[in-house]
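The chains carry the letters A, B and C, assigned in the order they are written, with residues numbered from 1 in each.
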Amino acid sequence: MKKPLVSIASVAALALVFVSGAVAQTQKTVKHHIVFELNEPEGAAWDSLVKHVNNVRKALAADGGSQVEVVFWGPGLNMLLKKNTAYEERLKQLIDDGVTLSACQNAMHVMNVKSEDLFPFATQVDSGIAQIVRRQETGWSYIH
Amino acid sequence: MKKPLVSIASVAALALVFVSGAVAQTQKTVKHHIVFELNEPEGAAWDSLVKHVNNVRKALAADGGSQVEVVFWGPGLNMLLKKNTAYEERLKQLIDDGVTLSACQNAMHVMNVKSEDLFPFATQVDSGIAQIVRRQETGWSYIH
Amino acid sequence: MKKPLVSIASVAALALVFVSGAVAQTQKTVKHHIVFELNEPEGAAWDSLVKHVNNVRKALAADGGSQVEVVFWGPGLNMLLKKNTAYEERLKQLIDDGVTLSACQNAMHVMNVKSEDLFPFATQVDSGIAQIVRRQETGWSYIH
(Lines give C-alpha, C1' and ligand atoms only; values in the text may rest on other atoms or scores of the structure.)
Protein backbone atom coordinates (compact mmCIF):
# COMPACT_ATOMS: atom_id res chain seq x y z
CA MET A 1 0.00 0.00 0.00
CA LYS A 2 2.82 2.39 0.73
CA LYS A 3 4.39 2.33 -2.67
CA PRO A 4 1.53 3.99 -4.56
CA LEU A 5 1.32 6.70 -1.87
CA VAL A 6 5.00 7.45 -2.18
CA SER A 7 4.66 7.66 -5.91
CA ILE A 8 1.78 10.08 -5.63
CA ALA A 9 3.78 12.18 -3.21
CA SER A 10 6.72 12.20 -5.60
CA VAL A 11 4.55 13.27 -8.48
CA ALA A 12 2.99 16.00 -6.35
CA ALA A 13 6.44 17.21 -5.30
CA LEU A 14 7.59 17.28 -8.89
CA ALA A 15 4.47 19.15 -9.89
CA LEU A 16 5.15 21.73 -7.16
CA VAL A 17 8.71 22.20 -8.33
CA PHE A 18 7.47 22.60 -11.88
CA VAL A 19 4.79 25.13 -10.92
CA SER A 20 7.19 27.12 -8.72
CA GLY A 21 9.65 27.24 -11.55
CA ALA A 22 7.01 28.48 -13.96
CA VAL A 23 5.84 31.19 -11.55
CA ALA A 24 9.39 32.30 -10.82
CA GLN A 25 10.12 32.49 -14.51
CA THR A 26 6.99 34.54 -15.24
CA GLN A 27 7.80 36.95 -12.44
CA LYS A 28 11.34 37.23 -13.70
CA THR A 29 10.50 37.82 -17.33
CA VAL A 30 7.66 40.34 -16.91
CA LYS A 31 7.78 42.95 -14.17
CA HIS A 32 5.47 45.63 -15.54
CA HIS A 33 1.87 45.30 -16.73
CA ILE A 34 0.20 48.05 -18.73
CA VAL A 35 -3.25 48.40 -20.24
CA PHE A 36 -3.61 51.06 -22.95
CA GLU A 37 -6.91 52.15 -24.39
CA LEU A 38 -7.62 53.40 -27.89
CA ASN A 39 -11.03 54.94 -28.33
CA GLU A 40 -10.31 57.56 -30.96
CA PRO A 41 -11.18 57.52 -34.67
CA GLU A 42 -8.51 57.23 -37.36
CA GLY A 43 -5.90 59.96 -37.21
CA ALA A 44 -2.83 60.94 -35.23
CA ALA A 45 -3.90 58.81 -32.25
CA TRP A 46 -3.50 55.60 -34.28
CA ASP A 47 0.08 56.36 -35.28
CA SER A 48 0.89 57.48 -31.76
CA LEU A 49 -0.49 54.31 -30.20
CA VAL A 50 1.95 52.01 -31.99
CA LYS A 51 4.83 54.36 -31.22
CA HIS A 52 3.90 54.66 -27.55
CA VAL A 53 3.56 50.92 -27.00
CA ASN A 54 6.93 50.32 -28.63
CA ASN A 55 8.61 53.13 -26.68
CA VAL A 56 7.38 52.03 -23.29
CA ARG A 57 8.25 48.40 -23.95
CA LYS A 58 11.74 49.47 -25.01
CA ALA A 59 12.15 51.69 -21.94
CA LEU A 60 11.13 48.86 -19.59
CA ALA A 61 12.96 46.04 -21.40
CA ALA A 62 16.08 46.38 -19.28
CA ASP A 63 14.01 46.74 -16.09
CA GLY A 64 12.14 43.44 -15.97
CA GLY A 65 10.16 43.76 -19.18
CA SER A 66 6.49 44.54 -19.70
CA GLN A 67 3.24 42.86 -20.63
CA VAL A 68 0.98 45.15 -22.65
CA GLU A 69 -2.67 44.95 -23.65
CA VAL A 70 -4.38 47.53 -25.84
CA VAL A 71 -8.16 47.75 -25.53
CA PHE A 72 -9.88 49.09 -28.65
CA TRP A 73 -13.33 50.46 -27.98
CA GLY A 74 -15.73 53.09 -29.31
CA PRO A 75 -14.48 54.56 -32.60
CA GLY A 76 -11.07 53.03 -31.82
CA LEU A 77 -12.43 49.59 -32.76
CA ASN A 78 -11.98 50.50 -36.44
CA MET A 79 -8.22 50.14 -36.09
CA LEU A 80 -8.69 46.35 -35.77
CA LEU A 81 -10.79 45.98 -38.93
CA LYS A 82 -9.26 43.63 -41.50
CA LYS A 83 -9.87 46.17 -44.27
CA ASN A 84 -7.61 48.60 -42.41
CA THR A 85 -4.55 47.28 -44.26
CA ALA A 86 -2.45 50.41 -43.71
CA TYR A 87 -1.87 49.39 -40.09
CA GLU A 88 -1.82 45.61 -40.53
CA GLU A 89 1.96 45.21 -40.50
CA ARG A 90 2.47 47.42 -37.45
CA LEU A 91 -0.29 45.69 -35.51
CA LYS A 92 1.01 42.26 -36.51
CA GLN A 93 4.45 43.28 -35.24
CA LEU A 94 2.94 44.19 -31.86
CA ILE A 95 1.35 40.74 -31.70
CA ASP A 96 4.69 39.13 -32.56
CA ASP A 97 6.20 41.10 -29.68
CA GLY A 98 3.65 39.60 -27.28
CA VAL A 99 1.21 42.50 -27.07
CA THR A 100 -2.51 41.66 -26.76
CA LEU A 101 -4.93 43.61 -28.97
CA SER A 102 -8.47 43.41 -27.58
CA ALA A 103 -11.66 44.35 -29.42
CA CYS A 104 -14.67 45.49 -27.37
CA GLN A 105 -17.72 43.36 -28.21
CA ASN A 106 -20.05 46.18 -27.19
CA ALA A 107 -18.49 48.36 -29.88
CA MET A 108 -18.64 45.43 -32.33
CA HIS A 109 -22.36 45.09 -31.69
CA VAL A 110 -23.09 48.82 -32.07
CA MET A 111 -20.99 49.11 -35.24
CA ASN A 112 -22.21 45.79 -36.62
CA VAL A 113 -18.71 44.35 -36.82
CA LYS A 114 -18.47 40.55 -37.06
CA SER A 115 -15.59 38.38 -35.85
CA GLU A 116 -14.56 37.73 -39.44
CA ASP A 117 -14.26 41.49 -40.04
CA LEU A 118 -11.43 41.72 -37.49
CA PHE A 119 -7.78 40.90 -38.04
CA PRO A 120 -7.40 37.23 -37.08
CA PHE A 121 -4.83 38.15 -34.43
CA ALA A 122 -7.31 40.30 -32.48
CA THR A 123 -8.67 39.08 -29.14
CA GLN A 124 -12.27 39.85 -28.12
CA VAL A 125 -13.48 41.07 -24.72
CA ASP A 126 -17.10 41.47 -23.60
CA SER A 127 -16.69 45.14 -22.66
CA GLY A 128 -13.64 47.28 -23.27
CA ILE A 129 -14.17 49.34 -20.14
CA ALA A 130 -14.82 46.26 -17.99
CA GLN A 131 -11.56 44.80 -19.29
CA ILE A 132 -9.64 47.95 -18.30
CA VAL A 133 -11.26 47.79 -14.88
CA ARG A 134 -10.29 44.14 -14.42
CA ARG A 135 -6.71 44.86 -15.41
CA GLN A 136 -6.42 47.73 -12.93
CA GLU A 137 -7.89 45.50 -10.23
CA THR A 138 -5.03 43.05 -10.68
CA GLY A 139 -2.37 45.75 -10.48
CA TRP A 140 -1.92 46.77 -14.09
CA SER A 141 -1.11 50.42 -14.78
CA TYR A 142 -3.57 52.30 -16.98
CA ILE A 143 -2.60 54.67 -19.77
CA HIS A 144 -5.33 56.66 -21.49
CA MET B 1 -16.70 37.00 38.28
CA LYS B 2 -16.53 34.56 35.44
CA LYS B 3 -20.05 34.99 34.21
CA PRO B 4 -19.74 38.60 33.02
CA LEU B 5 -16.49 37.76 31.27
CA VAL B 6 -18.14 34.92 29.44
CA SER B 7 -21.00 37.18 28.46
CA ILE B 8 -18.64 39.79 27.12
CA ALA B 9 -16.82 37.12 25.17
CA SER B 10 -20.12 35.90 23.77
CA VAL B 11 -21.16 39.38 22.75
CA ALA B 12 -17.77 39.92 21.15
CA ALA B 13 -18.06 36.63 19.29
CA LEU B 14 -21.53 37.53 18.07
CA ALA B 15 -20.29 40.96 17.00
CA LEU B 16 -17.49 39.34 15.04
CA VAL B 17 -19.91 37.01 13.32
CA PHE B 18 -22.14 39.96 12.51
CA VAL B 19 -19.28 42.07 11.14
CA SER B 20 -17.90 39.17 9.11
CA GLY B 21 -21.33 38.61 7.67
CA ALA B 22 -21.68 42.26 6.74
CA VAL B 23 -18.28 42.35 5.10
CA ALA B 24 -18.97 39.14 3.22
CA GLN B 25 -22.30 40.51 2.04
CA THR B 26 -20.76 43.79 0.84
CA GLN B 27 -18.03 41.94 -1.00
CA LYS B 28 -20.65 39.71 -2.52
CA THR B 29 -22.98 42.44 -3.71
CA VAL B 30 -20.36 44.85 -5.08
CA LYS B 31 -17.09 43.49 -6.35
CA HIS B 32 -15.95 46.24 -8.72
CA HIS B 33 -15.53 49.96 -8.02
CA ILE B 34 -15.10 52.44 -10.85
CA VAL B 35 -14.67 56.20 -10.94
CA PHE B 36 -15.37 57.87 -14.28
CA GLU B 37 -14.60 61.48 -15.03
CA LEU B 38 -16.46 63.81 -17.37
CA ASN B 39 -14.63 67.05 -18.09
CA GLU B 40 -15.74 67.74 -21.63
CA PRO B 41 -18.28 70.29 -22.89
CA GLU B 42 -21.64 69.25 -24.34
CA GLY B 43 -21.34 66.94 -27.33
CA ALA B 44 -20.63 63.31 -28.13
CA ALA B 45 -18.85 62.77 -24.80
CA TRP B 46 -22.10 63.33 -22.89
CA ASP B 47 -24.04 60.70 -24.81
CA SER B 48 -21.11 58.31 -24.58
CA LEU B 49 -20.81 58.69 -20.84
CA VAL B 50 -24.30 57.40 -20.10
CA LYS B 51 -23.82 54.54 -22.56
CA HIS B 52 -20.41 53.59 -21.13
CA VAL B 53 -21.60 53.54 -17.53
CA ASN B 54 -24.57 51.38 -18.46
CA ASN B 55 -22.45 49.01 -20.56
CA VAL B 56 -19.79 48.43 -17.92
CA ARG B 57 -22.39 47.92 -15.19
CA LYS B 58 -24.16 45.39 -17.40
CA ALA B 59 -20.91 43.59 -18.22
CA LEU B 60 -19.97 43.30 -14.54
CA ALA B 61 -23.48 42.53 -13.23
CA ALA B 62 -22.97 38.77 -13.41
CA ASP B 63 -19.46 39.05 -11.96
CA GLY B 64 -20.11 40.56 -8.54
CA GLY B 65 -21.64 43.85 -9.61
CA SER B 66 -20.13 47.33 -9.65
CA GLN B 67 -20.27 50.60 -7.76
CA VAL B 68 -19.82 53.60 -10.06
CA GLU B 69 -19.17 57.27 -9.40
CA VAL B 70 -18.95 59.86 -12.14
CA VAL B 71 -17.03 63.04 -11.30
CA PHE B 72 -18.10 66.08 -13.34
CA TRP B 73 -15.47 68.80 -13.45
CA GLY B 74 -14.28 71.59 -15.74
CA PRO B 75 -16.68 72.11 -18.64
CA GLY B 76 -18.22 68.72 -17.79
CA LEU B 77 -19.99 70.30 -14.81
CA ASN B 78 -22.60 71.70 -17.19
CA MET B 79 -24.10 68.25 -17.64
CA LEU B 80 -25.41 68.42 -14.06
CA LEU B 81 -27.17 71.79 -14.50
CA LYS B 82 -30.90 71.64 -13.83
CA LYS B 83 -31.62 73.55 -17.03
CA ASN B 84 -29.99 70.74 -18.98
CA THR B 85 -33.31 68.93 -19.30
CA ALA B 86 -32.31 66.88 -22.35
CA TYR B 87 -30.21 64.60 -20.13
CA GLU B 88 -32.34 64.70 -16.98
CA GLU B 89 -34.10 61.36 -17.52
CA ARG B 90 -30.91 59.49 -18.37
CA LEU B 91 -29.04 60.92 -15.39
CA LYS B 92 -31.97 60.21 -13.09
CA GLN B 93 -31.96 56.62 -14.30
CA LEU B 94 -28.26 56.30 -13.39
CA ILE B 95 -29.09 57.56 -9.89
CA ASP B 96 -31.92 55.02 -9.61
CA ASP B 97 -29.38 52.34 -10.56
CA GLY B 98 -27.16 53.38 -7.65
CA VAL B 99 -24.61 55.49 -9.55
CA THR B 100 -23.20 58.58 -7.78
CA LEU B 101 -22.99 61.79 -9.81
CA SER B 102 -20.51 64.22 -8.22
CA ALA B 103 -20.17 67.91 -9.03
CA CYS B 104 -16.77 69.58 -8.49
CA GLN B 105 -17.14 72.62 -6.21
CA ASN B 106 -14.04 74.22 -7.73
CA ALA B 107 -15.79 74.20 -11.11
CA MET B 108 -19.00 75.46 -9.47
CA HIS B 109 -17.09 78.40 -8.02
CA VAL B 110 -15.34 79.27 -11.30
CA MET B 111 -18.55 78.98 -13.33
CA ASN B 112 -20.68 80.67 -10.64
CA VAL B 113 -22.97 77.67 -10.30
CA LYS B 114 -25.04 77.51 -7.11
CA SER B 115 -26.31 74.36 -5.41
CA GLU B 116 -29.85 75.19 -6.52
CA ASP B 117 -28.67 75.27 -10.15
CA LEU B 118 -27.79 71.57 -10.00
CA PHE B 119 -30.11 68.62 -10.38
CA PRO B 120 -31.25 67.76 -6.83
CA PHE B 121 -29.85 64.24 -7.21
CA ALA B 122 -26.27 65.52 -7.73
CA THR B 123 -23.67 65.06 -4.98
CA GLN B 124 -21.01 67.74 -4.39
CA VAL B 125 -17.28 67.18 -3.80
CA ASP B 126 -14.71 69.81 -2.84
CA SER B 127 -12.43 69.08 -5.80
CA GLY B 128 -13.19 66.74 -8.66
CA ILE B 129 -9.56 65.72 -9.11
CA ALA B 130 -9.06 65.19 -5.37
CA GLN B 131 -12.12 62.95 -5.38
CA ILE B 132 -10.69 60.85 -8.24
CA VAL B 133 -7.41 60.60 -6.32
CA ARG B 134 -9.16 59.48 -3.14
CA ARG B 135 -11.10 56.82 -5.05
CA GLN B 136 -7.95 55.42 -6.65
CA GLU B 137 -6.29 55.39 -3.23
CA THR B 138 -8.97 53.05 -1.94
CA GLY B 139 -8.67 50.67 -4.89
CA TRP B 140 -11.20 52.04 -7.35
CA SER B 141 -10.38 51.73 -11.04
CA TYR B 142 -10.17 54.98 -12.99
CA ILE B 143 -11.64 55.50 -16.45
CA HIS B 144 -10.88 58.76 -18.24
CA MET C 1 34.37 41.45 23.67
CA LYS C 2 31.00 42.57 24.88
CA LYS C 3 31.59 46.28 24.69
CA PRO C 4 31.97 46.53 20.91
CA LEU C 5 28.88 44.37 20.45
CA VAL C 6 26.85 46.60 22.71
CA SER C 7 28.08 49.64 20.83
CA ILE C 8 27.06 48.14 17.53
CA ALA C 9 23.67 47.32 18.95
CA SER C 10 23.31 50.88 20.20
CA VAL C 11 24.24 52.32 16.85
CA ALA C 12 21.79 49.98 15.16
CA ALA C 13 19.07 50.99 17.60
CA LEU C 14 19.76 54.67 17.00
CA ALA C 15 19.74 54.08 13.27
CA LEU C 16 16.36 52.39 13.56
CA VAL C 17 14.95 55.27 15.58
CA PHE C 18 16.29 57.70 13.01
CA VAL C 19 14.86 55.77 10.06
CA SER C 20 11.49 55.30 11.76
CA GLY C 21 11.37 59.01 12.47
CA ALA C 22 12.13 59.85 8.87
CA VAL C 23 9.49 57.46 7.58
CA ALA C 24 6.92 58.75 10.04
CA GLN C 25 7.68 62.33 9.06
CA THR C 26 7.38 61.57 5.35
CA GLN C 27 4.09 59.80 5.88
CA LYS C 28 2.89 62.68 7.99
CA THR C 29 3.85 65.43 5.58
CA VAL C 30 2.69 63.83 2.35
CA LYS C 31 -0.32 61.54 2.31
CA HIS C 32 -1.36 61.72 -1.35
CA HIS C 33 0.73 61.07 -4.46
CA ILE C 34 -0.50 62.11 -7.90
CA VAL C 35 1.01 61.83 -11.35
CA PHE C 36 -0.52 64.10 -14.00
CA GLU C 37 0.26 63.85 -17.68
CA LEU C 38 0.30 66.63 -20.24
CA ASN C 39 0.48 65.44 -23.82
CA GLU C 40 -1.48 68.15 -25.59
CA PRO C 41 -0.19 71.01 -27.74
CA GLU C 42 -0.41 74.63 -26.63
CA GLY C 43 -3.93 75.77 -25.86
CA ALA C 44 -6.55 75.48 -23.13
CA ALA C 45 -4.94 72.31 -21.72
CA TRP C 46 -1.84 74.22 -20.69
CA ASP C 47 -3.75 76.81 -18.66
CA SER C 48 -5.92 74.10 -17.17
CA LEU C 49 -2.95 72.03 -16.07
CA VAL C 50 -1.53 74.71 -13.79
CA LYS C 51 -4.98 75.42 -12.37
CA HIS C 52 -5.74 71.74 -11.76
CA VAL C 53 -2.45 71.03 -10.01
CA ASN C 54 -2.94 74.04 -7.74
CA ASN C 55 -6.57 73.16 -7.03
CA VAL C 56 -5.91 69.57 -6.08
CA ARG C 57 -2.93 70.51 -3.91
CA LYS C 58 -5.08 73.08 -2.13
CA ALA C 59 -7.93 70.60 -1.65
CA LEU C 60 -5.59 68.00 -0.14
CA ALA C 61 -3.44 70.40 1.91
CA ALA C 62 -5.57 69.99 5.03
CA ASP C 63 -5.78 66.23 4.53
CA GLY C 64 -2.13 65.18 4.72
CA GLY C 65 -0.79 67.10 1.73
CA SER C 66 0.17 65.85 -1.70
CA GLN C 67 3.22 65.13 -3.79
CA VAL C 68 2.64 65.88 -7.46
CA GLU C 69 4.61 65.06 -10.61
CA VAL C 70 3.57 66.22 -14.06
CA VAL C 71 4.90 64.20 -16.98
CA PHE C 72 5.20 66.16 -20.23
CA TRP C 73 5.28 63.96 -23.31
CA GLY C 74 4.29 64.07 -26.97
CA PRO C 75 3.30 67.58 -28.03
CA GLY C 76 3.02 68.47 -24.34
CA LEU C 77 6.82 68.61 -24.10
CA ASN C 78 6.72 72.08 -25.68
CA MET C 79 5.38 73.54 -22.45
CA LEU C 80 8.80 72.98 -20.85
CA LEU C 81 10.77 74.77 -23.58
CA LYS C 82 12.79 77.71 -22.29
CA LYS C 83 11.49 79.91 -25.09
CA ASN C 84 7.98 79.38 -23.78
CA THR C 85 8.28 82.42 -21.51
CA ALA C 86 4.52 82.97 -21.17
CA TYR C 87 4.29 80.03 -18.77
CA GLU C 88 7.70 80.39 -17.06
CA GLU C 89 6.45 82.11 -13.93
CA ARG C 90 3.57 79.71 -13.38
CA LEU C 91 5.79 76.65 -13.89
CA LYS C 92 8.47 78.10 -11.63
CA GLN C 93 5.84 78.60 -8.95
CA LEU C 94 4.85 74.93 -9.20
CA ILE C 95 8.51 73.99 -8.70
CA ASP C 96 8.73 76.28 -5.66
CA ASP C 97 5.67 74.48 -4.29
CA GLY C 98 7.49 71.14 -4.57
CA VAL C 99 5.92 69.87 -7.79
CA THR C 100 8.16 67.83 -10.15
CA LEU C 101 7.99 68.67 -13.85
CA SER C 102 9.33 65.79 -15.94
CA ALA C 103 10.28 65.93 -19.62
CA CYS C 104 10.07 62.72 -21.69
CA GLN C 105 13.40 62.01 -23.37
CA ASN C 106 11.67 60.05 -26.13
CA ALA C 107 9.76 63.20 -27.06
CA MET C 108 12.97 65.25 -26.75
CA HIS C 109 14.67 62.93 -29.22
CA VAL C 110 11.80 62.99 -31.74
CA MET C 111 11.43 66.78 -31.51
CA ASN C 112 15.20 67.38 -31.43
CA VAL C 113 15.01 69.17 -28.10
CA LYS C 114 18.29 69.43 -26.16
CA SER C 115 18.68 69.67 -22.41
CA GLU C 116 19.69 73.33 -22.72
CA ASP C 117 16.40 74.05 -24.54
CA LEU C 118 14.42 73.14 -21.44
CA PHE C 119 13.73 75.31 -18.43
CA PRO C 120 16.55 74.57 -15.96
CA PHE C 121 14.04 73.47 -13.34
CA ALA C 122 12.73 70.60 -15.52
CA THR C 123 13.57 66.99 -14.64
CA GLN C 124 14.17 64.43 -17.40
CA VAL C 125 12.80 60.87 -17.56
CA ASP C 126 13.70 58.19 -20.12
CA SER C 127 10.10 57.61 -21.20
CA GLY C 128 7.08 59.62 -20.11
CA ILE C 129 4.75 56.64 -20.24
CA ALA C 130 7.20 54.38 -18.40
CA GLN C 131 7.43 57.04 -15.69
CA ILE C 132 3.62 57.12 -15.32
CA VAL C 133 3.62 53.32 -15.12
CA ARG C 134 6.31 53.31 -12.42
CA ARG C 135 4.39 55.88 -10.38
CA GLN C 136 1.18 53.87 -10.55
CA GLU C 137 3.10 50.76 -9.53
CA THR C 138 4.15 52.46 -6.31
CA GLY C 139 0.62 53.57 -5.46
CA TRP C 140 0.41 57.00 -7.05
CA SER C 141 -2.96 58.05 -8.47
CA TYR C 142 -3.06 58.87 -12.18
CA ILE C 143 -4.88 61.83 -13.68
CA HIS C 144 -5.06 62.08 -17.47
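In this text, a contact is a pair of C-beta atoms (placed from the backbone, for glycine too) under 8 Å apart; a residue touches a chain by one contact, two chains touch by 3 or more.
Computed from a predicted structure; not experimentally measured.
In a homomeric contact, the two copies may use the same or different surfaces; for chain B and chain C, under half of the interface residue numbers are shared, pointing to different surfaces.
Chains compared, chain A against chain C: the Cα-based superposition rotates one onto the other by 120 degrees, nearest 5. Chain centres here are Cα means. That of chain B falls 29 Å from that of chain C.
In chain B, the positions touching at least two other chains are 142, 144.
Within the complex, the chain A residues that touch chain B are 74, 106, 126-127, 129-130, 132-134, 136-137, 142, 144. Interface residues of chain A facing chain C in the complex, by the touch rule stated above, are 32, 34, 48, 52, 55-56, 58-60, 66, 139, 141-144.
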